[in-house]
Amino acid sequence: MNLDDIKDILELVREHDLAEFEIERDGLKVRIRKAGAAYVAAPVPAGLAPMAAMAPVSAAPAGPAPQPVDQGVPLAVITAPIVGTLYLSAEPGSRPFAEVGTRVKKGQVLCIIEAMKLMNEIECECDGEIAAVYVDNGHPVQFGDRLFAVKVD
Amino acid sequence: MFKKILIANRGEIALRVICACREMGIKTVAVYSQADEHSLHVRFADEDVCIGPARSADSYLSVPAIISAAEITGADAIHPGYGFLSESAYLAEVCEACHIKFIGPSPNVIRLLGDKARARRAMKKAGVPILPGSDGPVRGEEDAIKIGKELGLPLIVKAVAGGGGRGMRIVRTQEELPKLVKAAMREAEAAFGLGDVYLERYVEAPRHIEIQILGDHHGNVVHLGERECSVQRRHQKLIEEAPSAVLTNKQRHKLGATVVEAARAVEYSNAGTFEFLLDGTGNFYFLEVNTRLQVEHPVTEFVTGLDIVKEQIRVAAGERLSVRQSDIEIRGHAMECRVNAEDPVVFTPSPGLITAYSVPGGPGVRIDSFVHSDCTVSPYYDSLIAKVITYGRDRNEAIARMKRTLEMTVIEGIKTSIPLHLRILDDPDFLAARINTSFMERFMPDKHAGKNKLAESA
Amino acid sequence: MFKKILIANRGEIALRVICACREMGIKTVAVYSQADEHSLHVRFADEDVCIGPARSADSYLSVPAIISAAEITGADAIHPGYGFLSESAYLAEVCEACHIKFIGPSPNVIRLLGDKARARRAMKKAGVPILPGSDGPVRGEEDAIKIGKELGLPLIVKAVAGGGGRGMRIVRTQEELPKLVKAAMREAEAAFGLGDVYLERYVEAPRHIEIQILGDHHGNVVHLGERECSVQRRHQKLIEEAPSAVLTNKQRHKLGATVVEAARAVEYSNAGTFEFLLDGTGNFYFLEVNTRLQVEHPVTEFVTGLDIVKEQIRVAAGERLSVRQSDIEIRGHAMECRVNAEDPVVFTPSPGLITAYSVPGGPGVRIDSFVHSDCTVSPYYDSLIAKVITYGRDRNEAIARMKRTLEMTVIEGIKTSIPLHLRILDDPDFLAARINTSFMERFMPDKHAGKNKLAESA
Amino acid sequence: MNLDDIKDILELVREHDLAEFEIERDGLKVRIRKAGAAYVAAPVPAGLAPMAAMAPVSAAPAGPAPQPVDQGVPLAVITAPIVGTLYLSAEPGSRPFAEVGTRVKKGQVLCIIEAMKLMNEIECECDGEIAAVYVDNGHPVQFGDRLFAVKVD
């Protein structure tokens, strides 16, 4: 399931005038609910921006809650591919690779995760603009932890 | 003593280690893959770290992920459990380099005993009885005939690159030896692209007997008696017991002493198991050493009253063993059934949601498990969901308790091997302890089970 | 041997007896009230009979219902468990008349030992140390002064019709004796309409020690050592252990031998427990005999390796005890926590639906329970839902295992006493085995807990 | 399950004018809810005959199923108040106390249950006519077992 799949699903949701759509497979769960859809059965989860549902939901322990983002803009969340210690800049004291508002390209280094004394560069998966930084410099991250949100171009 | 131990494993054995740590007042770190997020070992560890996706290679088998998890949590030791990285000399080495104690033997010992040929030579030197064999590939027909005469009959021809019974032949007369060696070579060449074969004495219907040892860093090694694990299917043990119904006290002490000597010779520390084949005339043949905790360690704990995992932790921290050989007394009889999430007839895995789970108690019952009602058995890992261990004053009482425990166990939502275990527990040969590594063939669905006769236990 | 045993009980003890019967190849009949239709003891018995509505008096306490159930199912013996009719001489008599074996002592022995005054005389005669007392009501002030001098101090004045601490006075000097006797008489008269009081030596902060015995119909009686049950609340035991931390081997053997002699003297057969108070200077005082299986029998099973329920069945069937005194060896230490469905602070019952239930395994853990996920704890019966029993090489290991077992136990949907048990297991006095029957007062919510000091253990 | 499968499902949802659709299989879960669909809390239990509720429902293991009776006639079921051996007549060989069609009065003896050698007479609780006899002579009965059905006058 990638961004294109999600776009296709959203097309279908619009076309068929669905109120809700949910799919769950192999540990991945996507749930879409259109703005304005009445929901009777269960309490409405608070603070869930409609578009947030588009982000691949990580099964890892939740990191910081996603910050509110512009409605209607696709959002990609970059998660930690390995466990280790996270560094936001190349060297202590130097400028961070990326901050909120930084324009990023696919393949651009966003941060470094140190595992077994090896520095692993974590690259951006798409072109866009950093919408959120979920992690602090020098802190440990687990596999699947949210690192960055990127407003996709 | 350690302040915090990371458990590089999952499932029941991760919980088992957590139990030992809690009893010793040591903090624990659980590591888990995304598939195990809701597992009990995550719930009951003091800290937990997600180390990767469901696939073992990217999580439980990832040395960098595990070392990183230990570093970010400040764990001062790693317990590897069994399976996964438990016999990884590499992990043990990296631990050494990172100043994290690996709870197991030294990397050198793991490497030595993990190499079949080197282990065989070391054991031979230490006086451990080994299976006579060609000590390497035969160089041709004439060489085979010469070696065959030296070894005696029956023999087995095995492909060096072999596996799954291919490239194997049993030789019962010297006349058929050249023909069968050539056939095995052809088959090995076709199957593996390498025609090298070697010869070994063939043991008919052997029993699988193993000796549990414990060693510390002060030169003390003790053995905790034997386990018999002859009830196995494709080298997967299904039922284990201690003591073996056929060992005399004299045999037990002699084999135990031999193993302790061999362990001292290679400077073995921590827990280990020396596996042997026992033939029909009372001869033991060394198979291999498992340089880790075994799945079936609870049967030994039941009859000795010792806690093997705690001893592992103590000796890894540099303490002396808490017992001397003279303190160790085997009392009663214990048996373990490995309850797997699989079809009890055709052995296909049966992962899924356990909708109901209840196991009876009563005297002499120990259940090591990580499942519960409303828990999902993941398809990504091995199918062991519970170890049911029973204890009795004698073998019959242990069996009677095992039967009633399994009969009164409720597991709904998935299939389990319990019906198979109950059939075994009713088998007259099993009840009379007339078992060997071919015993399980009678319960196999395929009529080509005979092929398994070729494979000795490993 | 019996072919079919009816179990006149419910809950965990019914399952415990079913386990023993299954191990012995004996068929079982469960009886149940309408409230217990879905209970596990009904599920796992070979046959089951509904004997009445939820109210115990009309079901589990109904001798006609139970005898009829035995008759229509053709059961040849009845195991009464504990509680309910387990000490009913009447049931034992009716069984005799109906040619059904009652698995317990003879009706005469039950009747004798169930009468406090007769039991006291019989024990005194048999040389068992009893609490000095006035052997009946005092006849007035002068009589009280005379008896008080004979008995020595401290004394307790108790109302013959008494209960709940009313009509009780502790006497610490001879001078205050007449005044306190009069006050107690007045209070008793006011409270019960009967002013009769009697005097007994008062034991300060005693320990509760009990000796488990087994006897057969061939004159053999053995004792299985003691249990210490000093941790109790209003005479309800909460934590029991074996052996007691304070008994010397000499005391154990002496008290055990005394009890065995007394049991022989009354021709005791089957299982029984002789309860004693132990004062601070090492004196034992007989309390009473429980002529049945005890809730806490598993701690004795853990340290002796014996199955007490199987022995009960064997001797009831006329067989000899399977052990002699010299075979019985106490190994290690065992502890039991009674997990009740009740608020751990204010002790109010908490029946209801258990939505999640999971108990860890590992070495040295035994769980006797009848509950499971999605099971309802009935408000009609006592609140015991699980007995968690742990074993260790020593008391500290047994406690450490108990702690981690209770910490890792998941019971959701109802409140349980586990948080209270965990507080007790952390108490420095408990850890040092400085316990007595007043120990629990520090965990009581009410500030008038001091009143309990007046009541000795029963 | 791929996008085409989802499209097919959506077609079916439209065609059949469904409000909601949910499927779950082998770790895959799909849920669809159409915009504007009302949500009904629970299915209404069907087929509960009004008269059946009049019979005291025994919690004991079910005896023979009640035979069909005339609709609209109140039916009383007499259950065993004690456990024991049931006798339909006063002595072996004599006429049964009651058979199907027998007119009975409140307090009339319908059968005997033997418990502990005592013969306990079981009386009728109402006036009416025996509609069914659920038990056989000489057989054991448990507490709560159905004995007779009586068509109440």
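Chains: A, B, C and D, in written order; residue numbering restarts at 1 for each.
Please note the rule applied: a residue touches a chain if its C-beta (ideal position, glycine included) is under 8 Å from a C-beta of that chain, and two chains touch if they have at least 3 such contacts.
Treat the numbers as computed from the prediction; the structure is a model and nothing was measured.
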Centre-of-Cα separation between subunit C and subunit A, whole angstrom: 61
Length of the line joining the C-alpha centres of subunit A and subunit B, rounded to whole Å: 43
Approximate Å spacing (C-alpha centroids) for the pair subunit A, subunit D: 56
Where subunit B touches two or more other chains, by residue: none
Touching two or more other chains - residues of subunit A: none
Category of the chain touch graph - line, ring, star, complete, other: ring
Chains that touch, pairwise: A-B, A-D, B-C, C-D
Footprint of subunit D on subunit C - complex, ascending: 34, 37, 48-53, 59, 63-65, 67-69, 71-73, 94, 98
Residue numbers on subunit C that touch subunit B, as the complex places them: 12, 15-16, 18-20, 22-25, 40, 44, 298, 301-302, 305-307, 331-332, 356-358, 360-369, 372-374, 387, 393, 397, 400-401, 403-404, 407-408, 410
For the subunit A and subunit B complex, residues of the former touching the latter: 27, 59-61, 82-85, 114-116, 118, 140, 142-145
Subunit D residues touching subunit A - in the complex, by the definition given at the top: 1, 3, 6-7, 10, 13-14, 27-39, 41
Complex contact set, residues of subunit A against subunit D: 5, 8-9, 12, 15-26, 29, 34, 37-41
